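Please see the structure below; I have some questions.
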Amino acid sequence: MNTRIPVTVIGATGVVGQRFTQRLAQHPEFEIRHLAASSRSAGKSYADACTWRLGSTPYAGLAHQKIVESSSTAAMAPLVFSALDAGVAGPIEEEFARAGATVFSNASAHRMDEDVPLLVPEVNPEHLDLLPVQRQRRGWSGAILCNPNCTTTVLVMALAPLHRAFGLEAFSLVSMQAVSGSGYPGVASLDILGNVLPYIAGEEEKVEEKAARLLGSFNGKSIDPAIISSSAQCHRVPVIDGHTEAVSVKLHGNPTTEEIIEVLSEWRAAPQELGLTSAPPSPLVIHNAPDRPQVVHDVTTDGGMSVHVGRIRPCSVLGTKFVLLGHNTERGAAGGSVLNAELAVARGLINS
Amino acid sequence: MNTRIPVTVIGATGVVGQRFTQRLAQHPEFEIRHLAASSRSAGKSYADACTWRLGSTPYAGLAHQKIVESSSTAAMAPLVFSALDAGVAGPIEEEFARAGATVFSNASAHRMDEDVPLLVPEVNPEHLDLLPVQRQRRGWSGAILCNPNCTTTVLVMALAPLHRAFGLEAFSLVSMQAVSGSGYPGVASLDILGNVLPYIAGEEEKVEEKAARLLGSFNGKSIDPAIISSSAQCHRVPVIDGHTEAVSVKLHGNPTTEEIIEVLSEWRAAPQELGLTSAPPSPLVIHNAPDRPQVVHDVTTDGGMSVHVGRIRPCSVLGTKFVLLGHNTERGAAGGSVLNAELAVARGLINS
Amino acid sequence: MNTRIPVTVIGATGVVGQRFTQRLAQHPEFEIRHLAASSRSAGKSYADACTWRLGSTPYAGLAHQKIVESSSTAAMAPLVFSALDAGVAGPIEEEFARAGATVFSNASAHRMDEDVPLLVPEVNPEHLDLLPVQRQRRGWSGAILCNPNCTTTVLVMALAPLHRAFGLEAFSLVSMQAVSGSGYPGVASLDILGNVLPYIAGEEEKVEEKAARLLGSFNGKSIDPAIISSSAQCHRVPVIDGHTEAVSVKLHGNPTTEEIIEVLSEWRAAPQELGLTSAPPSPLVIHNAPDRPQVVHDVTTDGGMSVHVGRIRPCSVLGTKFVLLGHNTERGAAGGSVLNAELAVARGLINS
Amino acid sequence: MNTRIPVTVIGATGVVGQRFTQRLAQHPEFEIRHLAASSRSAGKSYADACTWRLGSTPYAGLAHQKIVESSSTAAMAPLVFSALDAGVAGPIEEEFARAGATVFSNASAHRMDEDVPLLVPEVNPEHLDLLPVQRQRRGWSGAILCNPNCTTTVLVMALAPLHRAFGLEAFSLVSMQAVSGSGYPGVASLDILGNVLPYIAGEEEKVEEKAARLLGSFNGKSIDPAIISSSAQCHRVPVIDGHTEAVSVKLHGNPTTEEIIEVLSEWRAAPQELGLTSAPPSPLVIHNAPDRPQVVHDVTTDGGMSVHVGRIRPCSVLGTKFVLLGHNTERGAAGGSVLNAELAVARGLINS
């Protein structure tokens, strides 16, 4: 029998919330029970509560669904996907977890809590072992799991197999990020038309800190971050969806470009092995054409869930360099959280 | 008495040629004698021969000037500014030099000739010492001088004072370049609207090779390139004019950020000391605001002749990082060539 | 039994050719037999012959299909879709029609031939009656059918039901057209970034002339154009796909806005009645929100096959005004041709 | 002796306030006494109180000037330029006028007051006759004068000479407006990158109503609006500065295109006759090239103070059509207000 697990989207009216709704509306394992938002929206239909900002079927076909308030009394479900703003996410997510829900959050509130798995399913599925630690420590029947910020997610998708195969000593990242990463209304048009913004508040520190954590290892009660020398320089460019990242890496033993291409090409991880619904066939798509990947051609491949790697070549300074492209509001946000949930379900970690 | 030196612009109908014309039309030391272009345009008025692509006074007030052919018989002058396409520039520039003109070229044809000064006046004015070598070797009464490609020019404006003060061991550059750098029609709109192009043919090699040359030293007959480990990753973004460059540098002796800011802020060079017409008051404009420099706010400062440096801060991988912004068709093309000519005149190197 | 009709795409390597291939690769009634292009591409794989410019599955899964030459000997099929450039389309399309193929052309070569149906299936399906006239007159067993240019297609989708219901006396159109309408490389980035181009060569005349023809009636041997006073002003804006059109209309009898909304909302036409594969559920999507339709939210609805109407309101000058949005390379090009073919098949006009 | 009139800019920190400051900092007749803003900014230096958003000399050289509060006690001067937000402008402007200042306002608060001149100096200088009416009625020693919204200003610059020469029966306007018209932060980048917004709240009504008033005549105590049938359809496009407007007009007596071009070309008005500082040499720049005017080539001509007319040609529906381009934050805002002040000074209407 094919019983789908009831889920709630909290923060369903924002851009990321809409992506959650879109992904979950037709999901074979999950079934939307509640679309939840602030008390201001509660009681309205989804269509009245917000403007649909995605190109496909408006409101994912749920235009008439009544919005409920983002509280565990009004919107409980075994699985909760959180697209709340950082400012309010913390206590609301905790409330759901305390009430027994497993919360998959795209918000930053709990991302650096020591006992909260910060998860990219291909990269660090073993960090799920933090869940019992968290439950015990907090006395919750539910739990909170986070996905990292979009820039870090795209980055570690390429760093993880290299770190595993060779050992990563250092990386340098320069990002060219899409405006959708800052939500709506986000970046003002006068700040980005014909412009490059050379600064995104807090982003560089996040990338350096979280990459180390994602590549780190579980020591029985917490994560020991990987010891990697790292530098991030983050920019905003006039692109809607899709972060481009120019990366240089220093690897142990100076592998050749061919060895690196082989490792990246052949990499398959837990989501592929388990055949998770939202998993791309291969975590990385390797491009040979010298001018790829590009946002306009590549970012929507595999529903935006694969990360693209191109121009893999020697770097005179660090050893090897390449360019990455990933979908910041799919793989880097809603899609990433949904894949986290699929992994947790497959691993039997959800009491639904 | 203030006699202005007659000059010719060859390739006057293209985007860079128009910038030359605009800069020279009101120049206190130079006077446009000829606007020259291909035989297809010769005989037409400037306005009939091309579409004016700059925002200010159309055709710099020379709409009715007759175009002559880009040959030394039709268009001779003591000083010649070349905005020719790379494909045809080589022999035409040589013809003028042979006939006695000093040619300041923005074309790539002679950029890597061993006896041709590749010049950024603030950076390597001493490379003018190559001129006698070139004249003797080629038997010319005239000469050819080149400015580097735009990306390299912007970069070395910041690297030069650091190299002089501390010694530069390595640099890593990631550029976000404007479309005007590829001329007209250049990049197709379908390739750049809402996109990042992760590849510019030949650009990365040029940056690495020419930066070493520009920071190198004259050994009596040629230039010994500086020994610097270098990496360039070049991208095209939806910007009209203005290259943004994310740079990391490794310097001898690990200077502090404060020491670096002091060196960059206080740097003055030959153009400033000589008070050259097109020289900015200071070669570098240092920004303290965390989100500057930006194309829309800063690129036209000082007629596009200064280079902007912002976000100077430590880099865990190489030591120090910062972001640069420069005007690719002014400082990086026409303005750079005109400044080269002003320097050569001030140094008494032009027999006019 | 479900036998699919073999089809050929000629001009398969260009942007519109790629859209044809994408639409036909999974089509339930049609089956791609040949991808054809110029002799320069013949013999290469599809992936080697061009760069895929659409966001979805690269090469529609046909990366390895061998390109054949666009000639009836090399590429014959009962149905042929032509995405050839106007310059070469004429004789090649005739060659296929002479050889017995029914050619559905997106090229302009035969658009104004008196005996060639210029067809938008919802608007003038009765113009298919020109086919016997064409066959007899030209002595062909095959035939040529054209779709109009994109701007006209979007426009007449809204004018047709109004003309039928009330009688159209005059219309005024101001278009804001996407760059993909000019093919690749098409518009230069320097001409469109941050700009509006107030001129598209020949476009305004085409719209005025073809709208009259599409709304005209078959008189037994040719089409009598509708007598409508018309004005078109066409602009290019920095949009990839999606023409926005501001329209005012003068209708007989001064119907109210409510009457007009009712007519537009309730309109269903041949493709909807016949349930054609590519037909949108409703030819027009009526928007009530004051700020819709918008390219980023609406243009891909129904695979880009519906036309969006918004802001229907009184006009003090002509009576009624509204804004239209349509996908110029789907409904206005490849999708329109495929729908034409589906209609012709449903009407039994193809001898396959 | 050349004594300059002291002036105050209220709302000096916003985008339009910055344009005022820029225009006035070097003005031969005016001298900035106060830069005023909200109490939140008062006491700070101009540089600390806001981010400079214009490309040229930062803070117009007044980075260190102390901001005072926008009240008549703190910021009085004979002339006051108001760039306040509509929400607060009304009472503050009145306070200054009551205290004796002549206020030139770019805010909408008093635009439709019956006794407030809504002024475009070339179009309706005779509306200055409303000033005595206003002073008497309100018992003020000062006064308030407004410039219209940007879209209307650009439009009436072309309509006025046609109305005077032929009589204007009807016009239809479709605008493609720049984002700077909505201030900062204004339009969200997600709403405009690669998009057209088909709606600007209130804009169409403003254009229709104010064009009639600007073309109307003073009847001794108020303005009789011109009786013209009018329609406006307003759109936002991804352009920084520069409104493009597609216009059709119906004129009495059906003049020929040549007659119309002659009228538009030869038009000179009060600002040109009086040689006002900010007046363009000719109010209209007529373009013959079929693809002009364009934002990127033309909008900054004459400091953004001239309005460009191109593609003047017959229209089958209304008689004649053309395309306009004007700088929305110069001619359509700050520059327009400054020109109003220059006209009032030249007419001896300011008691300074």
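Lettered A, B, C and D in written order, each chain numbered from 1.
Simple rule for what comes next: contacts are C-beta pairs under 8 Å (C-beta built on N, C-alpha and C of every residue); 3 or more make two chains touch, one makes a residue touch a chain.
Because the structure is a prediction, the values reported are computed rather than measured.
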item: Partner chains shared by chain A and chain D (touch criterion as defined above); value: B, C
item: Same-interface partner of A-D, chosen from the options B-C, B-D or A-C, over half of the pairs matching; value: B-C
item: Chain copies touching (chain B, chain C) - same or different residues, decided at half shared; value: same
item: Chain centre separation in whole Å, for chain D relative to chain B (CA means); value: 40
item: Inter-centroid spacing, chain C versus chain B (mean Cα positions, whole Å); value: 48
item: Centroid spacing, where centroids are CA-atom means, of chain C and chain D in whole angstrom; value: 43
item: In chain A, residues with contacts to at least two other chains; value: 53, 190-191, 193-194, 238-240, 296
item: Chain D contact footprint on chain A (complex, rising order); value: 15, 53, 179-180, 184-194, 238-240
item: Residue ranges of chain C in contact with chain A within the complex; value: 51-58, 193-194, 240, 289, 296-301
item: Interface residues, chain B side, partner chain A - complex; value: 170-172, 174, 176, 190-191, 193-199, 201, 208, 229-231, 233, 235, 237-240, 244, 246, 248, 290-296, 310-311, 315-318, 321, 323, 325
